[in-house]
Amino acid sequence: MTLNELKEQVCHANLELVKYQLVTLTWGNVSGIDRERGLVAIKPSGVSYDIMRPEHIVVIDLDGKRVEGTLNPSSDTPTHLALYKAFEKIGGITHTHSEHAVMFAQAGREIPCFGTTHADHFYGAIPLTRYLTEQEVEEDYEGNTGTVIIERFAGINPLEMPAVLVAGHAPFAWGKTPEDSVKNSLVLEKVAQMALGTLQLRPENPPLPAYVLQKHYLRKHGPNAYYGQK
Amino acid sequence: MTLNELKEQVCHANLELVKYQLVTLTWGNVSGIDRERGLVAIKPSGVSYDIMRPEHIVVIDLDGKRVEGTLNPSSDTPTHLALYKAFEKIGGITHTHSEHAVMFAQAGREIPCFGTTHADHFYGAIPLTRYLTEQEVEEDYEGNTGTVIIERFAGINPLEMPAVLVAGHAPFAWGKTPEDSVKNSLVLEKVAQMALGTLQLRPENPPLPAYVLQKHYLRKHGPNAYYGQK
Amino acid sequence: MTLNELKEQVCHANLELVKYQLVTLTWGNVSGIDRERGLVAIKPSGVSYDIMRPEHIVVIDLDGKRVEGTLNPSSDTPTHLALYKAFEKIGGITHTHSEHAVMFAQAGREIPCFGTTHADHFYGAIPLTRYLTEQEVEEDYEGNTGTVIIERFAGINPLEMPAVLVAGHAPFAWGKTPEDSVKNSLVLEKVAQMALGTLQLRPENPPLPAYVLQKHYLRKHGPNAYYGQK
Amino acid sequence: MTLNELKEQVCHANLELVKYQLVTLTWGNVSGIDRERGLVAIKPSGVSYDIMRPEHIVVIDLDGKRVEGTLNPSSDTPTHLALYKAFEKIGGITHTHSEHAVMFAQAGREIPCFGTTHADHFYGAIPLTRYLTEQEVEEDYEGNTGTVIIERFAGINPLEMPAVLVAGHAPFAWGKTPEDSVKNSLVLEKVAQMALGTLQLRPENPPLPAYVLQKHYLRKHGPNAYYGQK
């Protein structure tokens, strides 16, 4: 894959956020990584989706140094870089402020796995980070947002749980490609919406039995997956 | 009806899921049956609605053997087949993860008949299945999803109650044709949305009086139905 | 106004139900009356909005006898006729199953006037009818739906309160023209949506002070109205 | 900037209300001010957005005297004028009845700052005015709506808090330009929607820690802002 192809992929994935109604104004950004070159392509900061084209996408190295493009990269870039360094198998990251996922992040609640829609994509409850401390906010806010996510994922496989809620903030999702990370953001939003309604119908709703979670997750993602066309 | 016509009907019905906003990504599938030939046409697994055409539709016999088409049929095919075998008068089946119906399925609650919108289409509360046991999940997950639906419908006429909620999962709906089953899925989603709001306004809301349910159902479906153009 | 003009108005108003997202499938109907001729134009029963044209609109007299058109009129026609006879100054009627208005109708709750959006269009809480009795349902269901509305409006000016909730069923709204009645249906739906959210934030929310209700209603509708272009 | 340019800006901003789904029918209006000339351009009263063009925009002076245009200005004009006089640095004002913001206004609750989406745009909880008294309503309803907003903003910088909820009524938002005020209305509506869901998940939810609020607000708005392209 050339760098131009990566920029096209990342631009396309950013525009899919609009198609799936996952963004308001310019809230949201998608990035992708070229692991061989160690380069990350990411949305520029505060640019309208109406005019976004591949040439606007900014390319940086893993230290955040700009390699291609004239615009500033997304202000959330340090979070993306921290995640790419810690989660070595992911290829794309999406950050949104999608409404229902934000509700859970703001309420400081994980999203329990209540059904098979959830289980098809996330292997358990969607984790919630702690709040950043005042010192973490002052010293390196966006970098430390990555830190608290990584801390929360101790012992969790990020490919089996491709999303997180940052407390008081919003979700991040990831995947094997930029497009995958957008799809996981979309599924997360739907799962959050359904979980809210489920809790309204039954506030103490129990999670899905573990054996159903396992079955659904593995029929789509395990070595013997049989969903889709292989 | 030729097999090609059935495939066109089933393709069209699958695309109506998109029109009615009943699906996210590829979650959802519609099938139709040719009772004389004993053949079922169904959506292929994991294919995008953006590119779906009649030639993608897979044709199988009632044992699940592929008769036409090169793609894998929907992974939910064994559930469809079980329902066609048990409910001999239905001609089409739709499975979705529509949001409000899923909320009730996840909360383990039936949808009571609170009003005439419901009564016009479903003759009583929308039934909820039990969870599958661990053994049922391991041995034949999709087939046994059919089993628990059929078990729940003991004594219920599936044409008078053309929908069900599978606990922890999502709805299935059916009808005389594939298109009918899509319409019943749409009505189910609207009825679920209205029931959620009704319960928020009045948690112990009583069901519609039986005589109103009966009147509304029968003015559309009974032998003396007088709704629409005859 | 010619009868053809009335049919065009009624057809246009029915299609506005779709534009304003007030209908699902064929649930909903608008009628208009020519008071001089004593003739009512109304949507045909069960015809898709996708193909509806003025020539499909059915014309009947106030006894329900068809004067023009070959299709069956809406099955709710007897309700429309009862309202035209009782409310002599209204010129159009709309019936929908719009979601939030139905939630209140199903929960058996009036919609209190919580704010100026409501007060701009409805002079007080939206009234709720009683349920029809079993005998009323059996003898003349649609006609008696009109009867319970009229009974509820004893002492209420239907032009100051151009909507009602029928218990366990759905709203009817009306106005000086068919188009007016559609607008009132739309406002009712928005007001219902906002009232639901208001009650979620504050279950015992008090109504708007009477002097604000009066001011808002009269600035749009009283003899000294100063809203809009006169 | 010529007066024609201001009218074009104000017309465009009014049409953005439609694009962002912030208005129903004609509920809502945007104005802009030319501070040098002391002239305000504002939407005409009750004119449909479908046909609105720059030549419909009405120009008035700060006493409300019409300087250009033949239509009546919005009936909310006295509120706009009062705010322009009191908040000397704002350049545009938007009034809507957007659903979720209205829910809080009707419930008489401020919108707490629960997350960074809120903190990015509003420096603390969205203030709520008191109700107008009966005398205030009778003497000068729209002017006194401005009065209670200004009274509530004693000690608050309107550029740091560019929105308010008028009790029992609806929101007003403002900004440096008409377009800015529309964006703040949109953000307010999203923030209100998310806050409602947050409170449903956790009724006693605490506000965002002050140091996170400060960080987020200042990274977009302070002298050292680093969001977007500078």
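Per-chain numbering from 1; labels A, B, C and D assigned in written order.
Keep this in mind: a residue touches a chain if its C-beta (ideal position, glycine included) is under 8 Å from a C-beta of that chain, and two chains touch if they have at least 3 such contacts.
Remember, predicted model here, so these are calculated numbers, not experimental data.
Put simply, the C-alpha centre of chain B and that of chain C have 32 angstrom between them.
The set of chain D residues that touch two or more partner chains comprises 200. Taken as a graph of touching chains, this assembly forms a single closed ring in which every chain touches exactly two others. Pairwise chain contacts in this structure: A-B, A-D, B-C, C-D.
Listed in rising order, the residues of chain B touching chain A in the complex are 24-25, 27, 44-47, 71-72, 75, 97, 99-100, 102-109, 131-132, 134, 137-138, 141, 168-170, 196, 199-200. Chain C contributes residues 114-117, 183, 186-187, 190, 193-195, 197-198, 200-202, 205, 208-209, 211-212, 215, 219, 226-230 to its touches with chain D in the complex.
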